[in-house]
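Structures for review follow.
Common to both upcoming complexes is chain A, partnered first by chain B, then by chain C.
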Partner chain A sequence: MQAVKRRGWRRALDGGLVLLVPAIVLETLVLFLPLVHVAYRSLYDWQPGSVSTFIGFQNYQHLLADPEFWQVIGNQLFYLLGLPLWVIAPLVVAFALREGVWRPGLFRSIYFLPAVMSPAIVGLVFRTLLATDGPVNAALETSGLGFLAHPWLTDVTYVKPVVIFLVLWASFGTGVLIFSAAFAAVPQNIFEAARLDGARFWSEFWHIAVPSVRGTVFLWAMFQLVCIFLFMFGWIYVLTGGGPGLSSATMDFFIYQQFMRFGFYGTAAAQSIALVGAIVLFPALGYGARALIETCVKRRRT
Partner chain B sequence: MKAGSMSKFRTGIMALISLAFILPLLFLIGTAIRTRQDYMMSPGGLPRSFTLDNIVGAWTQAGLGQALVVSLIVAVIACIVCASTALAGAFWFRIHQGRVARGLNVLLVASYAIPMVAWLIPVFVMLANARLLNNIVVAGIIAGVASLPFAIYLIHTFFRQALTTELLEAAALDGARVLKVFWYIAVPMSRPALASVVALVFVWTFGDLLMAATLLQGNPQVYTLTLAATTLSTREEVNLQGQAAAALVSLIPVLLVFMVAQRSLAAGFGAGSGK
Partner chain C sequence: MTMGVSKWLRKGVSGVALATALFALAACGEEQAASDKLKTGPIPEAKAELTVWSFLPGNYEKGVDAYNAIAAEFQKAHPQITVKIIDMPYGTYFDQVRNSVVAQSGPDVITMYGSAQAYSYKNGLYPLQDAIDPALRKEIKYLDENYSADGNLYILPTGSYGYVMLVNRAIFAKAGIDPVAGLATWDAMLATCKTFSEKGIQPMASGWKDGYLFETYLYMITSQMMDKPTLAKWVKGELKLDDKLFTDAVNYIMDMKTAGCFGDDKALGRNMFDDTNVQYATGGAAMLVNGALSRAMQLVKDQPETMAMALPQVPASKHKNLVDAGAEAGWGVTKWTKSPEASAAFVNFIASKESQEKLWAAIGVPSNIAGFQAQAQNDMQAAYLALLANPENHTGFAAFPLPVLAVMERNAAPLMGGTMTVQQFMESANAAFAKTN
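For the complex of A and B:
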């Protein structure tokens, strides 16, 4: 009976393809076809406005032999070291905000502020703040902590950790928001039961809270993983210009430089395909790791 | 008893963390409204002077007023393009759940992971050939499409909960057809999801640098606020106070959106968690 009814509304409301067509057409024109075109042109010595010659995989061969490319890949891998920080910091704070805090909503709003602000504009502010003769170092000097003053953005050893902390600053509030929603969906009595058993904050956090929202934790980690490959351009362009040298450049910044500044379209196309590969590969590794951990945990239990 | 003492400690820590978000903003405001001499004396200290010259100077010198108008036009076009197509597409995916429809749905949403810098290269080349670079309408449409995958996902998630099977059955029994159901039931009920999409697309487009620096960088007349402010910062003759003033001006619109539409923004980001 139910099935007949269901099929009834499905048939009655069939069609209406006209509603979907604009979305398909726009995404095809702006996203899919250009991606295919980039893949195709990565096999050419691509010279827009003039003759492009087919060169097979030479762009890729150049790429693999290019130390700058590997340096940028190395930067991306270094940034991934920030992943535990980007996940655990908002997770702990969202957990702590659950109770015993005055006006948790206000704090969530404040932490969420960076989500609406342009990375490029905020990068401008931090570039000034962290300049060698800037306010942060000046404040450190005047408060007798001068030994902590560093050339934050112009020194190869400091620039990447600084970027990791700025990514934390930018994504923290969104993470707190998402984890708060996840905690709100967990039945509260399991926390109460744990507290009756005498669980303290950290043991409650690790043994009850984290396992109960592990799906969200994993998704947030994957989201951050993709973001560090996809959405860093504004930050890097303004904050460091990729420098010093290329020591803070991300893939998207590197590719932009190749085609907009140097006019190397073929190389930029090959690099774009490498970037697409990274975006497929790393989340796939993440899913693989999760499957592995889950089977291990199950095996230990049985 | 114990909960009370606990709460002060925790609240204190939360307040300390919030300083990390408030202090940079205060520094920005402080730098924009103080004189150059005052800043040079103690860049880390409190401002001891007040002036609006920096803001006025940035506004006139860098043409921030025009950039603000360009940014608003681009963002509004992006919002209209994105919200309308995503709404219609998401509704279609709600009422069609066959294998083809699902495959299409996954494809249109997963394109979120196509790197912007990758699809921008051919788009830039083609627009250059068609003499459509530095065109704010085209840039607005493209910015709207860039946010389309996320918007389809968000509105579809909303429809799956709000547009129940019972509702669709009732509509079908009344003899309503697809377009009628869309127009008279789906569109009116979708307001909260639409508010989230519009707020997010506005904020993203307004803050974008990559698309603006590719599609609009050829003509200072069509610089967006973000592009104008960052370009300003690379010009030698403009001092720090001018930069801070430009940054401040370009944050005010999104901070207004933040205050008005905070709930919608938060809901949008929440949906992004894939719950």
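For the complex of A and C:
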């Protein structure tokens, strides 16, 4: 049995695993080892440069008892509401640009432009535009639409939806590009046949296009899901500073504050592990939901 | 693939696995606490370089030159030492210092605020109470309030600031208000705010988004409400944030809001830094809270009718005419410095009367040396120096723990916007205060 196992291991090493070794080593060094280190430190009253005391799970207990932590989790879940928008909007536009549009490449380039801009710079621009007495509100007021002017970034009611729309604006072009590539691989004759059968734009979209690129849709949705937890920091830091109060703060911003600003190193380590947990949990739920839906669809067909 | 390559690969993978395991073990090993005793005494003869991080030079138009001149003077006295002052942007300064503390490497000397703020970086700073030149200790102001709650002094304070009201006499005249009478007492100030509001004039330049303005008023008012023993208790951590004094101070700020001192809700979307200065500089408000003399000098260029006055004392003030004033900042020695004696000598040198006189002459930094006789060049300097000379002055600013300040900063706009009550505001701040103990 041992000999068989060893042979299998050697076979794997001589095959595809060889190609993966550099990536595995690199990932281990720059990702997994620091993660293990942070997990280890989360069990301490971590004091870099001084004596750290082992305190078991106290950092986690404090975290779970902290209402601010739950408020931030709540914010993060609210941002998840933007997911359908972040997926469907670029999907529809990529489908519309597929044919019959003048210079679709030009539109794709224009849509893609925000993706190559630094979130810090874009954040600064939008912070100015959306200020209470900024150009957006001024334009609304001078055009007789003053009732639509709001304190976009300083009102608890508006700040999170505004962030959702800004993330849509920033990620939209990348989504359009990815879905355009996916649509390019779908045989044209399927759409032509559907049209001969009388299918319209939305019928084509829902019954042919979406099922044809469902793998890409799922991939993009998972990517956006991870982004909600990992890549919001730049936006929040520059645009809202997590405020007003903590109403727009994300987990990564909260960790940054605990670590960099307050020097609560152990608490920040525990929060980081919680964030990793969330990043694993939510995509796992997504995969679970996808498997469930596909199983249901298969059963209905049989 | 040949067996040779396979064997090599297996060895390689095993080697990498071993190396990573060793790395993990090393990384998880206990960190050693650095010594808490700063070596002082004669500077060794061996050549050495001191790296100094500071955000202070950037605060002044000719700040870099002025601070480099101080470094050059130090080098002249100690030719074996080269001092390299790095002018750091304020916005990211404290992150850089935090990274240094975590990595236990970086500059030899840093600029830092004292008390609770320095305490947050204590793992990277030497206590300096035993490293101060005894002659300097006698003449330096604001020393006691820069001690941390653990009884250590992590910075040697230099320079002075004072939070005063800049008053635009032209706007007061337009509204028919005499500024001296209008700001003579707390009630007179509230009445002045009401009069301005009724005339459609913004009384005080205001911006709550970054929360700094709220903090500033809080420092100004709590300093008035603390006598010396109370301030000492606050600095030592014996006075807690749930003391009535702090809630009363917040209520005084709310009284100012009710009186219309801060104008309309547009202030919720403005920051203190930059926005309120612009508001005042463009004639959009009659008054502005200001700390640094250098900024007041710039604002006089835009509003020549500007004069400096003290914020009136709140009814519960323990003082006659206190201005919230303290050291501009301070200088700390890092625990990883390779030249402790030179670093200790440098912080004493920059805090000395001679260095501070040079900084006043070059860029107009008011000194924190007792009995410092500065020659004012203009009315604003004269007014500011007179306000700073008040022996009543002190501040509890640095003793506010960073997490408390962060909570107050982020809750300032909701409080001023009416979506948070004073009770909720204080509960949130107290929860943050509890985490620091």
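The definition used in the following text is that the second predicted complex is superposed on the first by the 272 of 302 C-alpha atoms of A that agree within 3 Å, B and C clash if a C-alpha of one lies under 4 Å from a C-alpha of the other, contacts with A are read in each partner's own complex, and residues count from 1 in each chain.
The rule is simple: a residue touches a chain if its C-beta (ideal position, glycine included) is under 8 Å from a C-beta of that chain, and two chains touch if they have at least 3 such contacts.
Source: prediction; values computed, not measured.
When both complexes are overlaid on chain A, the residue A:Val186 reaches neither chain B nor chain C. In the superposition on chain A, contact is made by A:Pro48 with both chain B and chain C.
Once chain A of one complex is fitted onto chain A of the other, the partner contacts of A:Phe259 extend to both chain B and chain C. In the superposed pair of complexes, A:Asp133 makes contact with chain B and with chain C alike. Once chain A of one complex is fitted onto chain A of the other, the partner contacts of A:Thr154 are limited to chain C, with no touch recorded for chain B. Contacts of A:Leu85 after superposition: neither chain B nor chain C is touched. By the document's definition of touching, neither partner reaches A:Cys227: not chain B, not chain C.
Here chain B and chain C are compared by how many residues of chain A each touches, and B touches more. By the touch criterion stated above, A:Ile110 is placed in contact with chain B alone, chain C being left untouched. In the overlay built on the shared chain, the residue A:Gly243 is in contact with chain C alone; chain B does not reach it. Overlap of the chain B and chain C contact sets on chain A: residues 10, 13-14, 18, 29, 33-34, 37, 48-49, 133-134, 259-260, 265. Interface residues of chain A, counted against chain B in their complex, comprise 5-6, 8-10, 12-20, 22-24, 26-27, 29-35, 37-38, 41, 48-49, 93, 96-97, 99-102, 104, 107-122, 124-129, 133-139, 142, 169, 173-174, 177-178, 181-182, 185, 216, 219-220, 223, 226, 229-230, 233-234, 237-238, 251-252, 255-256, 259-260, 265, 268-269, 272-273, 275-276, 279. Of all residues in chain B, those touching chain A in their complex are 3, 6-7, 10-11, 13-15, 17-18, 20-22, 24-25, 27-28, 31, 42-45, 81, 84-86, 88-89, 91-93, 95-96, 104, 108, 111, 113-126, 128-129, 141-142, 144-146, 148-149, 152, 165, 168-169, 171-173, 175-179, 181-182, 203, 206-210, 213-214, 217, 226, 229-230, 233, 240, 243-244, 247, 250-251, 254-255, 257-258, 262, 265-266, 269-270, 272-275.
The residues of chain A lying in touch with chain C in their complex are 10, 13-14, 18, 21, 25, 28-29, 33-34, 36-37, 40, 47-52, 67-68, 131-134, 151, 153-156, 241-246, 257, 259-265. Put simply, chain C touches chain A in their complex at residues 1, 6, 9-10, 12-13, 16, 20, 23-24, 27-28, 30-31, 33-34, 94-95, 98-99, 101-104, 120-124, 209-210, 265-266, 268-270, 335, 402-403, 406, 410-411, 413-414, 417, 419-420, 431, 435.
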